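Sharing a structure below in structure tokens format, with a few things to ask.
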Amino acid sequence: MKIKIIMPFQITILDEATERTAKEYASEGTEIICVHPEKAPKKIASQYDEALAVPGLLEEVGTAENEGFDGILISCFGDPGLKPARELVHIPVVGTCEPCMLIGAALAQRFAVITVPPNLVCLAEDLAKLVGVHEKLASVRHLGVEAYTLGTKELIQRTYEESVKAIEQDRAHALVLGCTCLLDVAIPLHKKLIETKGYDVPVIDPVGAPVKFLESLIVLRLSQSKLTYMEPEK
Amino acid sequence: MKIKIIMPFQITILDEATERTAKEYASEGTEIICVHPEKAPKKIASQYDEALAVPGLLEEVGTAENEGFDGILISCFGDPGLKPARELVHIPVVGTCEPCMLIGAALAQRFAVITVPPNLVCLAEDLAKLVGVHEKLASVRHLGVEAYTLGTKELIQRTYEESVKAIEQDRAHALVLGCTCLLDVAIPLHKKLIETKGYDVPVIDPVGAPVKFLESLIVLRLSQSKLTYMEPEK
Amino acid sequence: MKIKIIMPFQITILDEATERTAKEYASEGTEIICVHPEKAPKKIASQYDEALAVPGLLEEVGTAENEGFDGILISCFGDPGLKPARELVHIPVVGTCEPCMLIGAALAQRFAVITVPPNLVCLAEDLAKLVGVHEKLASVRHLGVEAYTLGTKELIQRTYEESVKAIEQDRAHALVLGCTCLLDVAIPLHKKLIETKGYDVPVIDPVGAPVKFLESLIVLRLSQSKLTYMEPEK
Amino acid sequence: MKIKIIMPFQITILDEATERTAKEYASEGTEIICVHPEKAPKKIASQYDEALAVPGLLEEVGTAENEGFDGILISCFGDPGLKPARELVHIPVVGTCEPCMLIGAALAQRFAVITVPPNLVCLAEDLAKLVGVHEKLASVRHLGVEAYTLGTKELIQRTYEESVKAIEQDRAHALVLGCTCLLDVAIPLHKKLIETKGYDVPVIDPVGAPVKFLESLIVLRLSQSKLTYMEPEK
Amino acid sequence: MKIKIIMPFQITILDEATERTAKEYASEGTEIICVHPEKAPKKIASQYDEALAVPGLLEEVGTAENEGFDGILISCFGDPGLKPARELVHIPVVGTCEPCMLIGAALAQRFAVITVPPNLVCLAEDLAKLVGVHEKLASVRHLGVEAYTLGTKELIQRTYEESVKAIEQDRAHALVLGCTCLLDVAIPLHKKLIETKGYDVPVIDPVGAPVKFLESLIVLRLSQSKLTYMEPEK
Amino acid sequence: MKIKIIMPFQITILDEATERTAKEYASEGTEIICVHPEKAPKKIASQYDEALAVPGLLEEVGTAENEGFDGILISCFGDPGLKPARELVHIPVVGTCEPCMLIGAALAQRFAVITVPPNLVCLAEDLAKLVGVHEKLASVRHLGVEAYTLGTKELIQRTYEESVKAIEQDRAHALVLGCTCLLDVAIPLHKKLIETKGYDVPVIDPVGAPVKFLESLIVLRLSQSKLTYMEPEK
């Protein structure tokens, strides 16, 4: 099985960790290739950035079938280009937000999303409506900091603080880490919430969860419905 | 008042009628400028086309304030780039679908959308969820034909047929014409539904309704919320 | 174009400001006539008052077509008699709450209503359900004071206080002024929220927004659906 | 226990049957008084009629406490004046639609309403939203005839026909008889649906169900919440 | 009329009060029999307990018709076994939560549930979705104490504290006592809320309300729909 | 990784195929053990059967952790005992319906469930509400036959017929096979829908999809939230 992870932005700071995490969770025998589209915004911190990321991303999607990939993961929490990408190919395409939210909905009465830039809070709320699990969305909170300027320790601490608010004020029972830059936070955050507060809640990793979801689709020979995602006329 | 209508595609077949309709409905003293972005797909018949239309469209949005415009209308029923466009500027930006659906929700218990390409049915359903009026959406129907290949008479006839189904089978009480290529259909369709069936239902024009909605916002000095549509970091 | 504004209560304290505001926002050439029904409660501060206002209001509605009006605005935030009024005539009838809420839904992720009497909070919530935009209603707050006893300055201050709570506690991104007595508050409130808190949110005026909405319908030759609002048997 | 049934219309054709039915279902010792308000429309077949019925109805509500009544039933399926009536008094006030819908929601996955005049279909849909059980509303169907012109046998037959459609086409599992003029239909209709089709579904009577619901509230010493229905200022 | 109240647990501490309350609210001539199933968990404080309670409970349900009962009340707020019980018999079966929530929805804009064990909060939320009134559910709060260890006075005080929070923080306008162990709390709590806070809100008793609801169904000759609750194959 | 599949019924007719399918989809190194609880109903064709299955099932759940299992799959589409099972253990427990519906929601605008016994239609609808994806549920259809009496060929044919209705009448874009007895139907049905009708829609297998979903949770070290599924008091 060969999976193409498309990181639709220029910064390469997450490359190593994304690849490491994806491989850690992937089944034996799954080949993981991470790519950045040629045309891409520097980073993604607004719907404006999301929009600019899509055409380059779709080029990478369009070539994936011929390159022998079995599935595509768009590794960005706003799921940019997910719907057009699904029109474009027959192999399964998953985003980051959708699989995380579905797993959150499965494991708890309500889940919260902890994202990083404030501009993406409303986008995450909108995605919950489109995924169809918005009734289980407790809240979307954001760290309100430049994630890249923080060390891992501070990143965990800030995420922890918002997570506690999500649980205590918004009644969340599960947490979705709503930015791929939070990819080493899930395990230590889960542990810290139990140890300090006794909150044994699932914390869903924004790289691992989509990788497993995509792998499952491939094994099950499932892909997006072509009645929803019709092939675009050329 | 100066309004920029952005038609985010290359074909110019709708230019004359869009401008004529917009001016017909606009208030005296409103200046209407229709533009096509430099970079644009030929036409828009899928989410793939929508996605490719956005970057060029956003360039036209980005220059509008300096060009002295008071508001922007994205003249395409899929509302491509509406959200990033609203992040980008302070003057009001409206799409085509959103104002039409809101007016449909105001005037009837339920409204149907009659669109043209089948690929855009699910998109219209999704937009209804994001606009927040999906509980009043009776159905989205499509003509399933190449609108451009039809004369006006056939276009009215085909729209009439789907409208009758929307009323009789889906219990719609108002009709939103869900493609800017249907822009000369509203008045004759309304008349035909009354005369043949006695159905006196509002038929909402996809150019006129957004123009009036945008004009109203400008007069009321209202624009998109900057808490929802935060300025993107440059 | 000739618009009849029906103020379904006896007090005349709002007459001058309503007419001034309506004319300020109306297009050139729009004639505005404000009337009080002959039979009306003193003021409207409960659903009981709303109910008593309706028969007199409907008399004013019933004569409007013969009087040459092109549209009717019921100028009271509870939209009393809106549905029967729409049955009664073919010219468009709009309320106050409905257009304001639709514009709020268009411009922001969520809007709050700031009303005056506590008795009308639940009514505004109910109207949001009937309009169909309740999923975008953040909250309904009330001033809890006799608006008429306050000077404009205090009225703005009290509205400002509830607006800040609506934004910070209820996550509203737009504000609907939910009482026609708040008609000079929108512009100064908008300014004060930006200056003191940096909150650039739309503040929707309960006279101006309905006037523009109604004017748009008239220009677009749209009216309420006669499948929803069937003519009553005489 | 003393119950006031207000029939907010002039026609007296239902008086005998309403009183008979109410007494048949009422507990021993419950006193039932049926009244018509002094001011009332001839009959109720539109929202216009509903609106005109309210002021006279509220006068009958307003005097009920002093007259020693323990509860009030507004006997008209559109629940005219229910909310202002509840503001006006402390004794429980129930409508006709609300208790019927709640019982329908309790007994089946989905219920349909069979009403008589077409103008009241949308009203019944709106009431379902306000009652809060609209997700269990399968459909509202109407007989489309002048009920009063039919004999009981034809009335049952027409109601039966719409009921079968509601079950087979709209997947209703229970039926609410949505007009007080259908008050002798429930038992024979229930029997006929079982005998002809094997459909053993609850058929809810528009006089009996509200009477029992109101009696229960009185016994339980429950009444409308005064936080929802605040006393109107005099 | 003969009603079987099934208390699906072993503890007998509630027997006397349940029977007393049921009889107090029941109509004259209604015979009330309270039983514990032979096989039952000690008490019910989790979904695990609920599940274990069901088979024994269903045995008591299954014999009820032959024993001459006219209706069955499952006296436990989690409504354990309600759906299979309704499949099993033709006489009406009601739970505790469902009638209480429906009455709460009838009397107020929003109601809160005050339950006792924390494990049942999510269950009550789920039941609201299945009953279909979840849009009127303000919140579910729990006392977080061993109810049986408290005297009546402390029980009222703790319920009062959560009720005030439900009203002031969650905007509840009615209260459902969400555990049969709270059965002597309704009247004094209602009084205390008025006297201390001026909150005149309905407080719904978890034994009385279901008893009256069931009695009403029996009188109205109504039972669960056999299209929803089909007879199980033997 | 060691997974316990609990088949909560006595019939063993599905054993071989369940184990074969589970192993076919499982990752290399995943050990699959299928068990029937000691106490179980013969088969599951009603909510009554579901209820009786739970206590025996919970015994198998309760011992799983000590037996060294990493996760539990309840292999029955009604998800009997899912919630109490999740209270009982810390290893992840999944049902059959929930993962299938979540995958259906991910891949299409709307999905339909094709189940076998008519009694389980409403149960599947209820589960969609609890899972939180009911807005994406197009319909639940049933074969209305004794699945066990059919050969595979007829089973595929009957499922095909209902699938075509689900797509053409209910606008489903994906299909969930809503009974574990349909476990060899997914691949041939998918093929037949493409070949005969051109409908390229995902068909979700009721054994394979839950197995992969559970495996993913185990790899991701995720389990049910202990704030939703609190440990029952012993």
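Note that the chains take the letters A, B, C, D, E and F in the order they are written out, and that residue 1 is the start of every chain.
In this section, contacts are C-beta pairs under 8 Å (C-beta built on N, C-alpha and C of every residue); 3 or more make two chains touch, one makes a residue touch a chain.
Note that the structure is a prediction, hence the values are computed from the model and not measured.
Q: Determine, using the mean of C-alpha atoms as each chain's centre, which chain is farthest from subunit E.
A: When every chain centre is compared against subunit E, the largest gap points to B.
Q: To lay subunit C over its twin subunit F by CA atoms, how big a turn is needed, in degrees to the nearest 5?
A: 180
Q: Calculate how many whole Å lie between the centre of subunit D and the centre of subunit F, each centre taken as the average of the chain's C-alpha atoms.
A: Distance between chain centres, rounded to whole Å: 42 Å.
Q: Give, as an integer number of Å, the spacing between the C-alpha centres of subunit D and subunit C.
A: 31
Q: Using the touch rule from the top of the page, what residues of subunit A touch 2 or more other chains?
A: Residues 109, 122, 228 of subunit A each touch two or more of the other chains.
Q: For a test of understanding, state which residues of subunit A touch subunit F in their complex under the given definition.
A: By the definition above, subunit A touches subunit F via 25, 27-29, 92, 94, 98-99, 102-103, 105-109, 131-133, 135-136, 167, 173-174, 187, 199-202, 204-205, 208-209, 212-213, 215-217, 219-228.
Q: List the residues on subunit A that touch subunit B in their complex, please.
A: These residues of subunit A touch subunit B: 45-52, 54-55, 58, 81, 83-84, 87-88, 118-119, 122-123, 126, 129-130, 228-230, 232-233.
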